[in-house]
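Please find one structure pasted underneath; my questions will follow.
In order of appearance the chains are A, B, C, D, E and F, and numbering begins at 1 in each one.
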Amino acid sequence: MNRKILSSGNLQIQRFFNLDTRAYEEGALSSKVKELLGLVASLVLRCDDCITYHVIRCVEEGVSDAEFFEAFNVGLVVGGSITIPHLRRAVQRLEECRTLNKRHLSRRRHDKE
Amino acid sequence: MNRKILSSGNLQIQRFFNLDTRAYEEGALSSKVKELLGLVASLVLRCDDCITYHVIRCVEEGVSDAEFFEAFNVGLVVGGSITIPHLRRAVQRLEECRTLNKRHLSRRRHDKE
Amino acid sequence: MNRKILSSGNLQIQRFFNLDTRAYEEGALSSKVKELLGLVASLVLRCDDCITYHVIRCVEEGVSDAEFFEAFNVGLVVGGSITIPHLRRAVQRLEECRTLNKRHLSRRRHDKE
Amino acid sequence: MNRKILSSGNLQIQRFFNLDTRAYEEGALSSKVKELLGLVASLVLRCDDCITYHVIRCVEEGVSDAEFFEAFNVGLVVGGSITIPHLRRAVQRLEECRTLNKRHLSRRRHDKE
Amino acid sequence: MNRKILSSGNLQIQRFFNLDTRAYEEGALSSKVKELLGLVASLVLRCDDCITYHVIRCVEEGVSDAEFFEAFNVGLVVGGSITIPHLRRAVQRLEECRTLNKRHLSRRRHDKE
Amino acid sequence: MNRKILSSGNLQIQRFFNLDTRAYEEGALSSKVKELLGLVASLVLRCDDCITYHVIRCVEEGVSDAEFFEAFNVGLVVGGSITIPHLRRAVQRLEECRTLNKRHLSRRRHDKE
């Protein structure tokens, strides 16, 4: 669907998408911290698709479970109980990522043996 | 005013305030990162008082100007141009903190000489 | 999923969930009024899961249809037409609750005869 | 300013203002409960002017301090710490109302003696 | 579901629905412009059902693709990247409308021949 | 303050500001319609600074009072009574613009005579 939006010929929307991507690149702050910022911003604004995206990216950046739950807690305290349904789904996404990674790792270990 | 709220006898509000304070304590994530999370969450939710509080706390935690502006940029991209008036005031607060700190440092240097 | 969140070992999230539960307990205001407060807050913040939860709890607290629609109307006027899709789903949930209760009552009546 | 809006000749805005007024009239739910609904909705949506209006109306409807703080607590838990600056100002408004009422009562008592 | 809400007997909700319909009627501003206003308002408030409704209405009012994407761009810039998932679904709805219209037109052309 | 933000050296924030400016330029939709879109988006998101900016720009683009109030009405119906304090301030800004313009015009007429 992004492809369709980008092929619409609207140059400014394309530039916005570009700015969006670059906002999370390594800089004075690490990509890991920036993805955590994106995650908590998405949680308090209550956007499931955005939360899912940043959970995946945080897992890729090596965020630990303890770090995830402390970030979730900041989002929960700032945003209140209205964020709880989104928090639940975030935890579910995180668990799915962890399960996929475990399978992936055990398969790679198996392949080496 | 917090004192008045806390003296209201409503134990649950007191507990909420306690949770709010503790959410930013050093843990798996550093206080610095947590204050940045609080700052960006406050920016996308557009609350000037909360932004001011987290700008001050971030300055105390040693956040550099480059780090501030990268965090502001994440907030701006996620939250859109509607956050710009709050971003302006955030930059103004940051500048006031930096000026106060410089005066404080130059006074301390002067006292030592 | 709550169980998973609660078993995450993050004590502060557990405490938040506890505060969330206790906010609706009978006190100076009745549970009924507090659930109505939660319902309207959920409607203006447009969270379907939260609305469903409070509709069920309001039914349990004996809120009548006339009371429901007056509360919905406050939410609609405060929150505007953007709440209408959520209002529609709220009315659907309410109807499902009423239907379930009728079946339950007619079964109990049948059992007694 | 309402007068200016109403004299704009836009009939639909006038009708909206009328619906807004009538939403809080005594009905299946009391005006007191409806004003509390308006107060909590305004708190979670973080509108100081609306909060001030409903605090004044709640005082007129005889809402006690304990009732106020339980309603505030529901708003705080649902809406999170981002509502705290608004909660502070709400408590300040409440205190001003109570002080004015005390003065008014003591003056009336004085006039009678 | 609207029918159920309207048959609830709550006159004020019925009046609100009426105001909602009339807000987009031809006046000093054309229906086309008003539907675009509704579309962008729905995008920045991130309500998929409302976006779908206004996309359909805008198609009926003859909004071109270039006009749609410029309106989407205003919504994206004002509301930020948090609107992107909704923008994606809006573009999908638009495409579905265009496909349906093309089929409809080619069928009508076929019938005439 | 924009100058300070732009001199921060954060290139991406500068690019965002550029996108923000260009979103309202004449295109498939006129600047007038785009400023109305910005106005209603700002009203439903309840940002006074943004509303003021777009009211001024709409006046410059020749938006009539009747057009303003129809746009305000769309914002009011979509966003609900929580937008009323912002609507009031928007009307006040509009009136100030009209008064300034009248003075300006009468001065220019006077200069010519």
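Worth a mention:
Quick note on the criterion: contacts are C-beta pairs under 8 Å (C-beta built on N, C-alpha and C of every residue); 3 or more make two chains touch, one makes a residue touch a chain.
Predicted model, so just to flag it, every value in this text is computed and none were measured.
Among the remaining chains, those touching chain D as well as chain E are A, B, C, F.
A separation of 35 Å divides the Cα centre of chain B from that of chain C.
Centre to centre, using the average C-alpha position, chain B and chain F are separated by 30 Å. Counting partner chains per residue, chain F has residues 12, 16, 19-20, 23, 41-42, 44-45, 50, 66, 69-70, 73, 76-79, 81-82 touching two or more of them. With chains as nodes and touching pairs as edges, the resulting graph is complete, every pair of chains being joined.
On the chain A side of its complex with chain F, the touching residues are 12, 15-16, 19, 22-23.
The touching residues of chain D, when paired with chain C in their complex, are 19-20, 23-24, 27-29, 33-34, 36-38, 40-42, 44-45, 50, 64, 66-67, 69-71, 73-75, 77-79. Within the complex formed with chain D, the chain A residues making contact are 44, 76-83.
Interface of chain C with chain E (complex): residues 46, 65-66, 69-70, 72-73, 76-77, 81-82, 84-85, 87-89, 91-92, 95.
Only residues 1-2, 4-5, 8-10, 12-13, 16-17, 20, 41-42, 45, 47, 49-50 of chain D touch chain F when the two sit together in their complex.
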